[in-house]
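Look for chain A in each of the two complexes below; its partner is chain B in the first and chain C in the second.
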Partner chain A sequence: MPASIVAQMAISGALMGLVYALIAYGFQLTYATSKSINFGQGELVMVSAFFSLTLLDLGLSYWLVLPAGLLFGAALGLVVERAAVRLALEQKSEGWILLTIILGLFFFSAAENIWGRDDRPFPTPIPSESFHVFGVDVTPLELSVAVGVLAVMGLIELLKRKTLLGKAFEAVSVDRDAGELMGISAKRTVMLSYALSGTVAALAGILVSPITTVGPTMASALVLKAFSVAVVAGLDSGFGVVLVGMFLGALETLASFYVGSGWREAPGLVLLILALAVRPTGVFGKAAIRKV
Partner chain B sequence: MLKRLLLVRGAELLLFVSLAALPLAVRSPYALGLLTLLAIYGILLIGLDVTVGYLGQVNLAQAAFLGLGAYTAAIVVTHSGLGLVGALVIAPSVCFVLGALLALPALRLEGPQFALATLSFTALATTALNELEWLTQGAQGFSLSRPPLLGHALGARDFYWLCMALLAMVWIAMRNLLSSQWGRAFEALRDSPIATDAMGVGTYRHKVAAFAFGSGLGGLAGALYAFNFQYLQPQSFVYELTVILLLGVVLGGRKSLWGAFVGATLVALLPNLLSNRTLFQAFSALGLAVALAAGARGLVRRTMRPFQAIAPVVATLTLVLGGLVVENTEDWRKAIFALMLFSVVVGLPEGLMGFATRFLAQLLRIAPPTLPPASPLDAVLPARPADGAVLLELRDLRRHFGGVKAVDGVSLSVRAGHVHGLIGPNGSGKSTLVNVVSGLYTPTSGVALLRGSALPQGSLVRVARAGVARTFQNLQLFTGLTALENVMVALTGVYRAPLPFVLLGLGRAEDRRARADALALLELVGLGDEARTPAKDLTYGAQRFLEIARALARKPEVLILDEPAAGLAHPDVVKQVEIIRRIRQRGVTIVLIEHHMDVVTQLCDVVTALDGGKLIAEGTPDEVKRHPKVIEAYLGNVGDVATEPAPPAAGARIS
Partner chain C sequence: MLLVEDVYAGYGLSEVLLGTSLAVKPGTVVALIGANGAGKTTTMRAISGLLRPARGRVLLDGNPVQGLAASRIARLGLAHAPEGRKVFGTLCVEDNLLLGAYGRLPRFFGFRGRAASDLERVYALFPRLRERRRQLAGTLSGGEQQMLAIGRALMARPKLMLLDEPSMGLAPVIVQEVFRTIRQLKAEGMTMLLVEQFAKTALEVADYAYVMERGRIAIEGTPAELRRDERLLAAYLG
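Let's turn to the complex of A and B:
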């Protein structure tokens, strides 16, 4: 096996891994403000992708569909927050785990019936002919995924650090009650985080669809790996998800080549269980001191 | 009492007798197939309820254990001569072991992380079943034939009876287990893992045991599943099934065998319900009516938030309208299931059976079981000699958090029979010191000795078992358990029956004894009349008293009370002082952290004052109160202004 082919696979895998990182980033956003994540996040990715595809079919240009899809994702995020998360948070229970699963099931079934069970191609203006850099082949499509992921994550992090709204976001993340006492509405901050998380999910759907095609089950494998990435990196690790995402992407491409394509999912799952066992707060997460 | 026994056991008997008699009347093979499936799902969901209901964790691995059990059984009967009985023993055993292995890493996890770990396990199991083709024949599926039972070929009806017999056995065994100390420990674990450890119960083995048990039942159900369908495919055991199973438990009602059974019925019958349009419309209309009635009642009585009342109505209304519009309801199976569940989870969090049992208990006036008379206190908490010898000794104990020296070289001796006060301003290191001694934190350096031998470090359970019990400044009660059960969980020296005996129902005598002993301790703290009140419904003062009764159930040599009077109203402070006096009379040595100076003065033989993690004064309460360093620590440097500063007035709260 020449080293160049190994490098080729690792790089393609790592670029794909950025999509996992993006979805994992969506988990981080809501976990920061409310210690909750949407177990139906994969369905948001998928439904947003289908919605965007419908707009494309109606003849809208890709560059108009993109913002519309992101808005749609934000709206879905708000629906999840209102229907599945807010009540459980008010009751300080973990009911949101069940409720987000239920909502995901509903979205899945709705998508199956509205758009059908078949996988459909997703047209894109970005060319897919590969070009050669540093001895490996890369397609503009793959690069667009990388650019989109890093740009959006960077933008959101910048907003969090530089704007007043962002400071409020960070304040609620650190201490919800203290934030409320300072006049920040924790409820709105949680809503904002779910809207952002939905936006990020929609972006992941739009970016990855041209590569994977669109179908009801398109995100079930994606989201499982995003869970792995989020947990292995740590649910409060910030950019840690990028590194872990790329690592996992590369690892699974190599695993599917050396062990067999059916085992493609295995490294992420094993990694997740191991990480939870060895370091539940994640590789880049902060270990908390138990207080009583 | 008799009425309760008759009704509860009578209902169970009636259920199983009618289920066993049904095939005599129903001849259709299709209906028999459904009933068999119902029994299999019943076992599966009872297993799932152990983690979901009792441990309170979202477990997404049950479908995987069903699959692993099914494949194990299939492989055993196909490749070995062990037959049906062998498969029914091996499949649950394999799943029990795998469940224990998964629980070992998952054991440190809570909430979402636990759910994710189990979700990954399900995905991993599906991958393995698909890819290990030499063993499972992969995606093409595994065919097997149902082996005879001890030489008798099993027809469909015989097999149904076998499944029902196993369901009945599982039902009885689980009832015995869950009403024993094990069941209480599972629930305690859910409410407060820290207190479960601090009461010497041990979260570790109970969590692993609960999960392994549930998984083992999944394996048993899997074996029956394999013999029922006689054809297995990895795709049958994926995420979707695991979600539906989970939702079945929640819909039926958590922490209830009946709930698991109702959930199993729904899961098994749902496809039929959906294939008949009229039936579905009637059903959804009924749902809407219930949601409207319950929502209106909840809003009028203000027992529900608006969202809780309105959301189920919206969901069921969607079902009704959908039933009119949609052509093929079966295509929308998952969405319908999701809407039903959404209504139940939001509007009826205790599930159908939780609601029904509460309703029936009121309707039929079923009294809770009577309590036995309390044991004599001398039998529960024998008086210890208060010889004044050094009992607990700390030698140069330190605990640093990064640069913060929370405890910085504290040495002190607590004598047997004393009440030893520990005072100091906020942040002086009292609580950290207690947390180090009780094993919550590992000391950075130094040792704690009990009767001259070193206490275990960094393990709440082992310190508790060594004879040091504690209470918590921020209450850590098992809120879902009654006051009596809170004490029973912590009770030591009573539970001796090994697990198999408990499953067979042979642990009831010691449970009665535990009840009587716990009642004696409740009476000691004045809560004898509140024995059946759930801990979360007790007044704040009563909760503080209950924490002490629970810690006493450890029969400790040293009892550490972390601010037992914090936040109490004056009459309760008086009661609390009286309780601590009574405990001291039993010869229990007490370490008392307290801010109320009058409490300290009234109770303590010796007081140690801390500041900045260091010991600054020690002596009788009066000596310490007058000590210049203590006054400086509380009031700042008074310096030359007052050469003889007045001691804080009795009753003044210094903090």
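Let's turn to the complex of A and C:
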């Protein structure tokens, strides 16, 4: 087995792993401000992808559909916050866990009713013929995933560090009450974090759809991997989810090639069990796993 | 300036404030003293909106603010330096200060320039903060964190400041420094409500004082009047 083929698969896998990282990053954004996450995040990925596909079917250009899809994702994020999270947080209860799951189920059946159960292709102007670089073949499509994920995560991280709004975001994450005393509305900060989380979910959907096709169940596996990535990397490091996401993606491709395609899901599971065994009281473990 | 009228407040089922009333006139320093657990911190939290009063009114410049979010009340000109300082440990000193002025700065760009004169004023008051402006607030000493908490409150250009035990856990020298700052702010005309364990020192800077006992104001008066009160002398002033 030539080393270049191993590298080839590892890189393709790692690029897909960036999608896990992006979805996991969406968990981090809301966890930071409110110690809550949307368990129906996969449905936001899927519904945003269907919405964007509908706009494409109407004849809009991909480059118009992209921002429209992201805005739609932000709006969905706000819906989740308003409908499933806000009241629970005000009452200091864990009700958001159940409510976000139920809202996800609702989005799922709504999507089935509106768009049907079939998987549909997602047209994109980005070519899928591979080209040769540093001894491996990559497709512009795979590359677009990497560029999109890293650009958007980089932009959000930059805003968080350089703008006063970003510092306020951090302040509320550190100490909600102290942030309020500075005149920072914790409520609006949580809303912002859910809007951003919805935006990155939509981006994940739009980036991955040309590769995986669009269907009601398109995101269920993705979001489980994202959970694993978030648990392993922890819920506070954007850099961490990128590394773990790429690592997991690479591992999966290699496992399915060497051991058999049925073993694709094994690395995620093993990584998750290892992380929980080594760090049983990880941030995530405390907040969610124990309670669910 | 500030009027607290018959406020009841607590945490869940435990009622802490049982009809607290007090007043702070513009340009004065008012001390709030009392034993541990009397409800001093709870009073401050009920004023600044971190805690919603179950009954009673809080008037800021004559306008009722009870029930508003703390962030709204802060923007009306009330700065609360909370017990335990509560600086943002993962942000640097200067970022903490900038956030103190959050309500009146642009959100994205140019906020540093707009806050320059306020930063200058705080750094002049606390030169140590200037030296450490790039340092993470969590790595500061207790005294420095307290200066940061007061400086951060000043950044808001507040009409009224609430200081909750600014001397807590500090070495005597630093306590002196904190009180020197409080005197200086008073000389500049700042209105303050001050909670203190060091009742004696607090009475030295205060124009008026309230003594709390189990969720109510038990005694009030000017420092001179309180010093004459035998019962109080025995209980608080040693």
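The working rule: the second predicted complex is superposed on the first by the 279 of 292 C-alpha atoms of A that agree within 3 Å, B and C clash if a C-alpha of one lies under 4 Å from a C-alpha of the other, contacts with A are read in each partner's own complex, and residues count from 1 in each chain.
In this text, a residue touches a chain if its C-beta (ideal position, glycine included) is under 8 Å from a C-beta of that chain, and two chains touch if they have at least 3 such contacts.
Bear in mind that the values here come from a model prediction, so they are computed numbers and not experimental data.
**Student:** Just to be sure I read the superposition right, which of the two partners does A:Phe106 touch: chain B = first, chain C = second, or both, or neither?
**Tutor:** The first partner, chain B, only.
**Student:** Look at A:Ser61 in the shared chain and tell me whether it touches chain B only, chain C only, both, or neither; answer first, second, both or neither.
**Tutor:** neither
**Student:** What is the contact status of A:Gly183 with respect to chain B (first) and chain C (second): first, second, both, or neither?
**Tutor:** second
**Student:** Which of the two partners, first being chain B and second being chain C, lies in contact with A:Ala171: first, second, both, or neither?
**Tutor:** The answer is second: A:Ala171 touches chain C but not chain B.
**Student:** Which of the two partners, first being chain B and second being chain C, lies in contact with A:Ser128: first, second, both, or neither?
**Tutor:** neither
**Student:** Tell me the contact category for A:Leu272 with respect to chain B and chain C: first, second, both or neither.
**Tutor:** first
**Student:** What is the contact status of A:Thr163 with respect to chain B (first) and chain C (second): first, second, both, or neither?
**Tutor:** Only chain C is touched by A:Thr163; chain B is not.
**Student:** Please tell me which partner, chain B or chain C, touches more residues of chain A.
**Tutor:** Looking at chain B versus chain C, the one contacting more residues of chain A is B.
**Student:** Residue numbers of chain B touching chain A in their complex, please.
**Tutor:** Residues in contact with chain A: 56, 58, 102, 104-106, 108-109, 111-113, 115-117, 119-121, 123-124, 127, 130-131, 194, 239, 243, 246-247, 250, 305, 307-308, 311, 331-339, 341-342, 345-346, 349, 401, 431, 435, 440, 472-474, 476.
**Student:** Which residues, counting only chain A, touch chain B once they are in their complex?
**Tutor:** Going by the criterion above, the answer is residues 36-37, 39, 83, 86-87, 90, 94-95, 97-99, 101-103, 105-106, 108-110, 112-113, 220, 224, 227-228, 231, 260, 262-263, 265-266, 268-270, 272-274, 276-278, 280, 289-290, 292.
**Student:** Given the complex with chain C, which residues does chain A contribute to the contact?
**Tutor:** 163-165, 167-168, 170-171, 174-175, 177-187
**Student:** Which positions of chain C touch chain A when the two form their complex?
**Tutor:** Touch residues, chain C against chain A: 48-50, 69-72, 74-75, 79-80, 82, 86-91, 95, 98-100, 102-103, 105-109, 111, 152, 156.
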